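Next come two complexes built around chain A: one with chain B, the other with chain C.
The block that comes next holds the complex of A and B.
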């Protein structure tokens, strides 16, 4: 059996097992499963930037929260149903993503990270301070679910189905000419320029795709959680998303999803015992960087499958230095 | 806004700019030499505040509190540099991620130790109260912060431009390998700069504690301000930090007075504008 077939079968088995979850565990853990699936959508969306584009964004909680707030506000203020408000929210998120992207795509490395960080915090600041719109610290009421699918296990299936569809679409994007151009820009922006492509343009496309997927997750989150609060947009949330990608392994397509599931379950388990989740998260981040920079899936893959090629081709990458430095 | 209010808001903005410069100069210094974007800088600031607070309560001496805050954080920064950052030297992304992990842990430990309330540091007795300055009544402490920031600025400029150590630092920014080949211990210089940056962060934490109090979340806010300052002014440039601090300080001060609801927007508007027009900041470049 080829590697490819084995991978496909493995993923199908995983999806079926995930779909059976409500028959095995109770409401609480199905809730955690719903959250994990939502975060998995964010993580694979964020990986379009981190893995495919080589651009680390620490501002995705801003996009996620913007979408969740937009969903909630469209439902509360405009009295829209789930699907319509979701479409409105995704459109709003795409616009905000475009603003983020315009500010960030001319840079790479540290500058990109710093700009996305600041942009994400801007959303947090607005959610926090603009209380006439967002409800300030109290947050905005959400929790509207699609008609006929309001029970907790039904909603879990909805989220799971969306995750599968998003993953398939991103897989297709990754292999499309547009996805290839994003990857090529990561590997050598100079060569892309000499071929007549704009590196900033390719990064812009990657950012928009990533933002759209994050927007979808934000809509689902608004349906899952009864209230959208500023903490959704907080820096620690952006760091959590980034950690999911890196801990899961950004070089493997479903690695970030694995990271999302592991960290969400871990967070639920740790939070039940102690209030020191942030410490645990920080220690995990340090440990991953120092000891497993390829992430969970990358490390496992390297162990399971010793490289057939004794002298593997080294990816030629331009050194990622902050622009303006040296 | 009357003439008096205008002057007072400007003064407040400048004094805040002084604090911002103290924070951002260390941040930009570390970046320019080591290429480390130290996202734990805000947490260094926070711990400086807490150490100062504890020392003040124990000894009653404000000067000791300032020293303890600065030196305590400098020591902690030195240890972290030695144990953690040195292991991933040269790998920029890993360095940033490590600093994020460290800041998460340190901020959480501070929360566990000191709780979630905002604790205020009283200004030193000699700088309490107000003083009349050309018809404008201003708090002495804020005036002192402006003076201190100018002194630190001059000190750093002299250190970088006029001393042998400064020459080594600048040479390290330009060509680290050459410096290494000349037999200078670049690692030690880099570590010293890191400690100096941490020292400034710790000291500004004590000063900031008088301005805003010390509370969980102050770390992220101050980091954010420092980021905006260096993005506006230009990362890795001391002049840039000065320009950025003044711009952000004034924008913040007028933002609070005129449109508190949209404060963040007012703050980020100029930043986004600078990024689109000049991605490297107004004075982006070298030290």
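The block that comes next holds the complex of A and C.
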């Protein structure tokens, strides 16, 4: 059996196991599972920038919250149903992402990080201050779910199904010419320029894809929580998303999803035991960085495949030269 | 292959049709056995001091009553929301869905409260809300939430009338810029302007401000007879310190809001606080046997005077216990339990007389307070005048009140 088939079977088994969760645990843990799946969507979306594009964004909570607010407001003010309000919200998020991206894509590294940070904080500030629209600290009413799928376990399945679809689409994107160009821009922007591609253009595409996926997650989040509040847009949320990607492993396609599940479940479990859960989480994250610098999935993969001597650890990334033969 | 996939899909749909059973069902009609009370509080973040008081007030009540309600031992499950809406919902979900709480007492932070109010209506568990709520709760009137100490604007409204009657015609307000602070300010501003006063400016320092110097210099440039202080906890302490450092003491009258010069603040200010005037629904130095006994007991146990947060924690458990007693020892259905809570009234309590009006909102006596020297020469609030029967609407009928928007930074009372 080839490696690839084994991977596919492994993922299918995982998805089926995840779908059976409501038969094993109670409402609370299904809720945590729902949250984990929503964050997993954000994390694999964010990884389009971090892993594929080599660009670290710390403004994704802004996009996530913008989508959640847009969903909530479309439902409350325009009286739309879940699906329509979700489509409106994703469109709004795409527009906001485009504004973010125009400002950010000409830069990389620290500058990119600072611009996304500022953009994310801008959304937080608006959520906080524009209280006639957002309700300020009181937040905006949400929690509307698709008709007939309002029970907690049904909604969990909805979220899980969306996660699977988004993951398949992103997998396809990553292998498409557009995805290849994003990857090539990460590896050598200069060579892309010499081949006639605009690096900023490729980053713009990556940002839009990432933003759209984050928007989808934001819609699901608005359905999950009873209220969308400024803390959804807060910097700590952006950092949490980034940590999910790093802890899970950005070099493996589903690594960030694993990171999201691990961090969400861990946070729920640790905070139930101790008030100092933030400290415990910090220690765990330091341990991950020290002992699993490739992230959880990256390290596990390296352990499972000891035959890596001919290739450097980055071998999963395709060589840049492949791009020229398009 | 395709047939097999179809079969698998069919199997999944069939499985989905049989819903999973609830993992844990609490029998709400039990009249014996332990009573599990979830307690959502802010024990870290800018409101930690007040949060600690609220918890200690509740623990004092339990200690005085043998840790039981109607003969049922109480298990108090304390959760910290860090003052964050999201964490607040998460910990409450855990209390309700995983830890089997019969009812939830909390929270402290106004922003968390609004979210919890919405969340608990989707559950079968009543919420006993100890601290003055956002007036969203008056508008929504959730059938499974009981606001033990009324709303944030409620107790600041009488000061608006009083200020004009006592010659403070032009007032500037400085209030914490978050849901609760905006509501505190709104209650005052509404009645103040209705009585013919003029608001010369409204300053909004964010909650947790570290430096009040810019606000004081801004305030010095604005003409006013008095300053209404709607700051919370540590912010109010910092403001009073800056006020003194800028030599403003005695130059302008300070009018304290309900939380502004509360005991939680006075502790941090010390002797300088003596003489400060404020409005409030609780006065730890009120000359009354119930309040005195509570103040003494709290001081004996925790080596500090009780704030209104402490009194709220105490009263919330007392009110809950009376409701459980009246309900034959059970919590029962959430909406029924709240109906029972609404039938209870107090001829006198640590706060004073309390009754519940036709909409289920409590009506309190509110006090004009002046800081004097209490036991051990510590500053405490004494009563100089009383305003009986202060309800949620600031004197309006519910019809008029509900036609107006919820108090916010953009809506500070009057005709919208």
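Here, the second predicted complex is superposed on the first by the 289 of 326 C-alpha atoms of A that agree within 3 Å, B and C clash if a C-alpha of one lies under 4 Å from a C-alpha of the other, contacts with A are read in each partner's own complex, and residues count from 1 in each chain.
Convention: a residue touches a chain if its C-beta (ideal position, glycine included) is under 8 Å from a C-beta of that chain, and two chains touch if they have at least 3 such contacts.
Remember, predicted model here, so these are calculated numbers, not experimental data.
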Inset, instruction - Could you say whether A:55 touches chain B, chain C, both of them, or neither, answering first, second, both or neither? - result: neither
Inset, instruction - Determine, under the contact definition given at the top, whether A:252 touches first (chain B), second (chain C), both, or neither. - result: neither
Inset, instruction - Identify the partner contact of A:281: answer first if only chain B is touched, second if only chain C is, both if each is, neither if none is. - result: first
Legend entry - Touching partner for A:27 - first (chain B), second (chain C), both, neither: second
Inset, instruction - Check the residue A:111 against both partner chains and state whether it touches chain B (first), chain C (second), both, or neither. - result: first
Inset, instruction - Determine, for the superposed model, which of the two partners chain B and chain C contacts more residues of chain A. - result: B
Inset, instruction - Look at A:263 in the shared chain and tell me whether it touches chain B only, chain C only, both, or neither; answer first, second, both or neither. - result: neither
Inset, instruction - State whether A:151 touches chain B only (first), chain C only (second), both chains, or neither. - result: second
Inset, instruction - Would you sort A:131 into first (chain B), second (chain C), both or neither based on which partner it touches? - result: both
Legend entry - Common interface positions of chain A, toward chain B and toward chain C: 131-132, 275
Inset, instruction - Provide the residue numbers of chain A that touch chain C in the complex, in ascending order. - result: 19, 22-23, 25-29, 31, 131-132, 136-139, 141, 143, 151, 153-154, 157, 225-227, 229-232, 268, 271-272, 275
Inset, instruction - Provide the residue numbers of chain A that touch chain B in the complex, in ascending order. - result: 56, 58, 99, 102-104, 106-107, 109-111, 113-115, 117-119, 121-122, 125-126, 128-132, 234-236, 239, 246, 275-276, 278-279, 281-286, 288-290, 293, 320-326
Legend entry - In the complex, chain C residues that touch chain A: 12, 16, 19-20, 22-24, 43-44, 80, 84-86, 89-91, 93-94, 97-98, 110-111, 114-115, 118-119, 122, 134, 136, 178-179, 182, 406, 408-410
Legend entry - Sites on chain B touched by chain A in the complex: 31-32, 35, 37, 39, 84, 87-88, 92-94, 96-98, 100-109, 111-112, 173-174, 220, 224, 227-228, 230-231, 234-236, 260-265, 267-268, 271-272, 275-276, 279-281, 284-285
